[in-house]
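The structures come next, written out as structure tokens.
Two complexes follow with chain A in common, the first pairing it with chain B and the second with chain C.
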Partner chain A sequence: MARRLPRKDVVIVGLGWTGSILALELARAGLEVVAIERGPWRDTATDFNIGTAPDELRYAVRHDIFLRPRQETLTMRNNSSQTALPIRRWGSFLPGNGVGGAGSHWNGQTWRFLPDDFRLRSHMIDRYGEKIMPEGHQIQDWPMSYDELEPFYDEFERCLGISGKAGNLKGQIQSGGNPFEGQRSSEYPTPPLKQGYSQELFMKAASGMGLHPFPRPSANISSAYTNQYGCSMAPCTYCGFCERFGCSNYSKSSPQTCVLPALVREPNFEARTECEVTKVNLSGDGKMATGVVYVDANGEEWEQPADLVLLCAYGLFNVRLMLLSGIGKAYDPNTGEGVVGRNYAYQTGSGATAFFDNVNFNPFAAAGSLGAALDDYNSDNFDHGPHGFVGGASITNAHTNGRPIMYHPTPRGTPTWGSAWKKAVRDTYQRVTNVGAQGSVMSYRANYLDLDPTYKDQYGRPLMRMTFDFQPNEIKMANWMAERCEEIAKAMGAKTTQINRLNTPWNVVPYQSTHNTGGTVTGSDPKTSVLNRYLQSWDVPNVFVMGASTFPQNAGYNPTGTVGALTYWALDAIKSKYLKSPGALVQQ
Partner chain B sequence: MSSIVTKQPTGRGTWLRHLLALALIAAPSAALADSDNLIVIQRGKALVTAGDCVACHTAPGGVPFAGGLALQTPFGAIMTPNITPDNATGIGSWSADDFARAMHEGKRPGGTRLYPAFPYTYYTKVTRADSDAILAYLRSLDPVSNSVNRSTLPFPFSIRSSMAAWNSLFFTPGEFKPDPNKSEEFNRGAYLVEGLGHCGACHTPLNAFGANKSDKYLQGGVVDNWTAPNITNDAQAGLGKWSVDEVVQYLKTGQARGVIASGPMKDVVENSTAKMPDADLEAMAVYLKERGATGSPAPSPVSADDGRMKVGEAIFVDTCMACHTRKGEGIAHVFPKLAGATIATQDDPSSLIHVIITGAQAAATASHPTAPTMPSFGYRLSDDQIAAVVTYVRNSWGNAASPVTADAVKAVRGKVTGAAD
Partner chain C sequence: MQTDDRSAMRAKFAPPTEKPKHSGMSRRSLLATAALLITTSGATAKVVTKVLPWRPNEVYPVTPVVPGGWLFFTAEEAAVIEAIVDRLIPTDELGPGAKDAGVTTFIDRQLTGPYGGHDWLYMQGPFSDKPLPTQGLQSPLTPRQQYRQGLAALAAYCKANFSGRSFVDLSGEEKDKLLAGMEKGEVKFEGFPSRTLFNAIYANTVEGFFADPIYGGNKDMAGWKLIGFPGVRYDFRDVIDNPNKPYTLPPVAMQGRQAWGER
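What follows is the complex of A and B.
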């Protein structure tokens, strides 16, 4: 039986980007806030020390700061005719663990979704008619517009000090930026990173093709910066130890660099680490949350009562906690009824590898979000009519790192070991680059999350089951994008190119992307969404859910910028509406 | 008041210490409810903050003011006493007269002598009214039972009566006397710096008897193997190039002119000066800026052609430059500036050597909460290499100071890491 602790105003589950921002802002608003985090405390000074931080074996290979499957894993299958089996070693995606969460180990690519992305369904049907919509899709409009979110994108980017170049400042197209982006109220907080030689070739080639390349927005920042919380950052040194690592140089925006130093000074904030929330408790009628139950590092169970419950864990785990707690009706793919677990989506990766002669790209002088990109083929920035698919991709040329253990690209057909492999690694390292397409994934009736009927975790709770595969629409889109990438690679002057089509069926082993979206989506209709437009549960109004699990479908970008904007958007609603009059913010 | 609870030992201490420090200021106790006493107690709290009493009277991870910190002196370790109002183990039974006598004369009730690790040589200047207010605040704290071993000094220093002779040589009792020719602000600053602030305890060199050299007042000292720099108005070694505002900014935020407080000054800033009223900080700055400069001559830099400089430069480029930048300019608010930083060019190079060997964390304050960290390099730089890079930093970008030897590094390394000689 859980021992009951004194009540708090707010309990936050998970202390990553969304949890730390909400904790800081709500503590400053005078509320007693406790954050409960499954993993350990981590800060730059002790955990990301320069003497030990750039350790590829420890962090990139052995996943030091990632979730261990024994803490939590999923079962996985490609479709509902299969029997799902547990993921016993994380591969295709790598969930974070500990304070800072995925915000500690990310690359730092910080995008805004495009205005069309927020009304994708109505926009596509308006322009192309119902016939363009893929079979079995459940694509839906977001319940808020880009313009409504814009001030909150701005606030998140100022928190992180994002480096970039505006392409649309208050409706005025700016040279050097992304002309397709939604209007921005202000320039990026810091100027773009310095691009490398391969990005120079990419920008020149793409411009020559009539495309619109620009430096992509980056959380590895280009110059010294102090944010609205007084937290200071130093310019990136291009060391190339970003993804899978904590930054030792105060150069990569993370909860550690941007939020926690201010948060830990708040007297009415408390963090409990190595404590795993197992359930959100509900009142007898199921209409209010009364707090959470968690298990501490000694295996003891505690009940933390609270007036407001904010689920800020990694998206997938928010979905599972909702399912385990019985908040909202679970999705049933057979009837199409229920919402929790519905509209799970992911990300496509395709592109072209480009091999040059007589160049030194120096891939080791890199940063996780250094790179040049173009949006000509993203969202509905191009005519989809002739192609017969929905969605698009951001196309990028980048070197995120040139690390010694895992970065050794070789031409297809090279032996995977032995002297021929060594020779190919040596010959290729300096003269290869990649033009990649990171594509959207739509939501479908057949792709969903639910509780596994067989496998359980250490506490006896069912694991979550992921049923997912790339659908024909995504395969068509990603492979068309790969051809666009190859065109650009050739125009860059590559001697040979190699096209990389989407790997199907989806396979859990090779790393692909940790951009898992959906499952607790936000929407205007409680029949097709878990959360209202303020990320508040339709069913239990003192529960709010943050993260990419709120996306109705995924866009052709990394999710963090939108996750951050939605967090500030929900925070604004909590502060200006909910705290004044607790209850449902949108009437059903 | 909540505190961070982490089950993981790494990273815990620092945050916890910050929070405990905050707890001091934030946690009112029952006695505050007595309204007659409230104003005196609040004044006492401000004075206790100015005196940074918590820094010494708290053991690592211990309850604030409950004592038990081992203060390292040249004569051995002294354990600081419990000054919470516990009758048996603290100062609960002390009268106001008892407390004033400790502050002004360095004597406990009954007459046993205190060691000047308790800076009564400074506190003697504190007015009786302030002494009473400090006691009123300490009495408002929750009593904590914590028995501290007060006899840790080795023979012959364990003989407390020997302090009578020491006092006759080095101690001038007497309350602060304002200088009628100076401004009220200067005199307020003088009262704080010379009295409760006891700045000179660290920033003045010690003689062989462990007394501050009165003719070198505030001209720099060494504490815990850190250089406490010259804080007179000396243009070369002291605050001569700093404005009053910059001194205030440094004391309030832990940063000014690209310099960031670390080492023992981190604790002073976090626990004491960052929480003092701006007017008091300004008064202290005015006083320090009017302290006579010694006018020490500018030494000529070690030649860039010197072998030590060449080795030092190579190490700097390889190991230090990514943060401190090629020209030693540092990065605002994160990585300290080395070019023109007086801490780099003090006669005593302990701080530079110490920080390279052990690393250090900067002060965290409300306006600059980040508290960036210098990592330790003692594990991979030899004494010769550290001597070379410190010599390089002391003699580059306009800096000029004496070269540093490997023996000097070895001596500091032995003390800060416990490494055998």
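What follows is the complex of A and C.
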């Protein structure tokens, strides 16, 4: 039986990007805030110390700072005719753990989605007719527009000090930036990172083809910066230890760098770490949350009552907590009814590898978001009519690192071991680069999340089951993008190129992307969404859910910029509307 | 963080023996403190409030591997691993291979740690006999069990198929042929999939050849020197400022450079 603790105004589940921002802002608004985090406290000076941080084996290969599957994992299968089995070792995606969450170990690519992405369904049908929509899709418009979110994108980018070059300032196209982006109210907080030699070749080749390359927006920041909370960052040194690592330099935006130093000084904030929330408690009629139950490091159970419950765990685990707590109706793929777990989506990866002669790309001099990108083939920036697919991709030339356990590419057909392999590894390291397409994934009736009937976590609660595969629309799109990438690679002057088509079926082993979206989507209709436009539960109005689980489908970008914008957007609604008059912010 | 902020925080940080100082305690902070006391009286939550939980000089380093002897392998097993990794990444005109770079020591020490027991992985059953290829690792065997059972099966296979000779006694050509058969899963061991053993050794060999030397492999940073990886210098602003130029400085590891190789 859980022992009951004194009531708090706000309980936050998970202390990553969304949890730390909400905690800071709500504590400053005068509320008593407690954040409950199942992983350990992590800080730059201790956990990401420069003497221990650049350790590829420990962090990138053995997954030292990630969520350990022993603590929680998912089961997976490609379609509902198969039996799901547990993801025993992370591969395709890497959930974070501990204070900072995945915001500690990310690469830092911080995009805004395009205006068309927010009204994808109506835009595509208006322009091309119903016939372009893929079979079995559940694509839906977002319940807010790009213009409504813009001030909150801006706020999040200022919190992180994002480096980049605006392409559209208040409607005026700017040279050097992305001409396809939605209008921005202000320039990026810091100038773009310097680019490497391969990006120089990419920008030149792409411009020559009539495309519009630009340095991609980066949370590995280019110059010293102090954000709105008084937290300061130092310039990136291009060390090449970003994704899968914490940053020792205070150069990669993370909760540790940008929020926690201010947050811990708020006297009415408290964090409890190594405590796992197991359930959101509901009132007798199920219409209000009364708090959460958590288990501490000794296995003791506690009840934390609170007036407001904010789910800020990694998106997938927010979905699971909703399912386990019975908030909202679980999605049933057979009837198409129910919403929690519906519209799970992901990201495609395809492209081309380019081999050169006599160059020194120096791949180790890198940053997680260093790279040049173009959006000519993203969203609906090009005519989809002749292609018969929905969606698009951001195309990038990047070196994020040259860490040799995982990065020692060889041309296809090279022996996998022996002296010939060794020679190929040596000869290729400096002269290979990649043009990659990170593509959108639409939502489908067949791709969803629910509770597994067989496998349990350490507390005996069912694991979540992921049923997912790439659908024909995504395969067609990603493979078309791979051809575009190869054209650019050839124009860069590559001696030889290799095309990398989308790997199908979706396989949990090779790393692909920690961009898992959907499951608690935001929308205008409670029949097809879990949350209203303020990320507030339709069913239990004192529960709000943050993260990429709120996306109705995924766009051709990394999600964190949009996750951050949505957090500030929901925060604004909580502060300006909900706290004044607690209750449903949108009437059904 | 700002410099000012950092010194303020250091000033604020109280060593464990000192009581934190609170000036002008408001009703709110009184209540917060009360809540804290109630919380900590019974719960083992690590509670963070008002100051960062940080102590001077506290970091979490790994323990450097000291080469010499075997902690997991028997002498016979170690000899077979030495012979295998020497074929996978041979010493040749390009420089030292896996054996000379200490990869066997690397694997031995890795197997004694959390990796060797799959300590961090989800190891609850039931274990499926017929997982899909897309479902990844589904074996109940830990790396320690894979090596122990796999090497025993390899020894039995060699004894039966090479007139009683052990793997280490085979010619280079025989070793390569057998390894290639294991890689493809074409060689059938008694009671253990040959491919599973190959995959484990192969993955760990590449890891040991390229991991920081602190783990016992990549001796003298041989793997890094082969490809021109400068190691953990953590500052390549000079390289970014000079695109397409060869990098000429020698590599550096977590324990530095000169000291490495001294035993």
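Just so we're on the same page, the second predicted complex is superposed on the first by the 588 of 588 C-alpha atoms of A that agree within 3 Å, B and C clash if a C-alpha of one lies under 4 Å from a C-alpha of the other, contacts with A are read in each partner's own complex, and residues count from 1 in each chain.
Assume a contact is a pair of C-beta atoms (placed from the backbone, for glycine too) under 8 Å apart; a residue touches a chain by one contact, two chains touch by 3 or more.
In this text the structure is predicted, and so the values were computed from the model without any measurement.
In the superposition on chain A, A:539 makes contact with neither chain B nor chain C.
In the superposed pair of complexes, A:226 makes contact with chain B and with chain C alike. Contacts of A:486 after superposition on the shared chain: neither chain B nor chain C is touched. Once the two complexes are overlaid on the shared chain, A:276 sits clear of chain B and of chain C alike. The wider contact with chain A, measured as residues touched, comes from C rather than the other of chain B and chain C. In the superposition on chain A, A:63 makes contact with chain C only, while chain B stays out of contact range.
In the overlay built on the shared chain, the residue A:250 is in contact with chain B and with chain C.
Shared-chain residue A:241: touches chain C; no touch with chain B. Contact with neither chain B nor chain C is seen for A:155 once the two complexes are overlaid on the shared chain. Looking at the shared chain after the overlay, A:268 reaches both chain B and chain C.
Chain A residues 32, 40-41, 43, 45-47, 49-51, 226, 230-232, 237, 239, 248-250, 257, 261, 264-265, 267-274, 296-297 lie at the interface with chain B in one structure and with chain C in the other. Interface of chain A with chain C (complex): residues 3, 5-6, 8, 32, 40-41, 43, 45-47, 49-52, 54-58, 61-63, 68-70, 73, 76-78, 82-83, 85-89, 91, 194-197, 200, 226, 230-232, 237-241, 248-250, 257, 260-261, 264-265, 267-275, 296-298, 300, 302, 359-362, 364-366, 402-405, 408, 416-419, 421-423, 425-426, 429-430, 454-456, 505-509. Residue ranges of chain C in contact with chain A, taken from their complex: 1-3, 5, 9, 26, 28-29, 31-32, 34-36, 38-39, 42-55, 58-62, 87-90, 92, 94, 97, 114-115, 118-124, 126, 128, 131-138, 176, 179, 183, 202, 206-207, 210-212, 214-215, 223-224, 226-237, 239-241, 243-247, 254.
Against chain A, in their complex, chain B makes its touches with residues 1-8, 10-12, 14-15, 18-19, 22-23, 26, 322-323, 331-335, 359, 361, 364, 366-373, 375-377, 379-380.
Residue ranges of chain A in contact with chain B, taken from their complex: 32, 34, 40-47, 49-51, 224, 226, 229-235, 237, 239, 248-250, 257, 261-262, 264-265, 267-274, 296-297.
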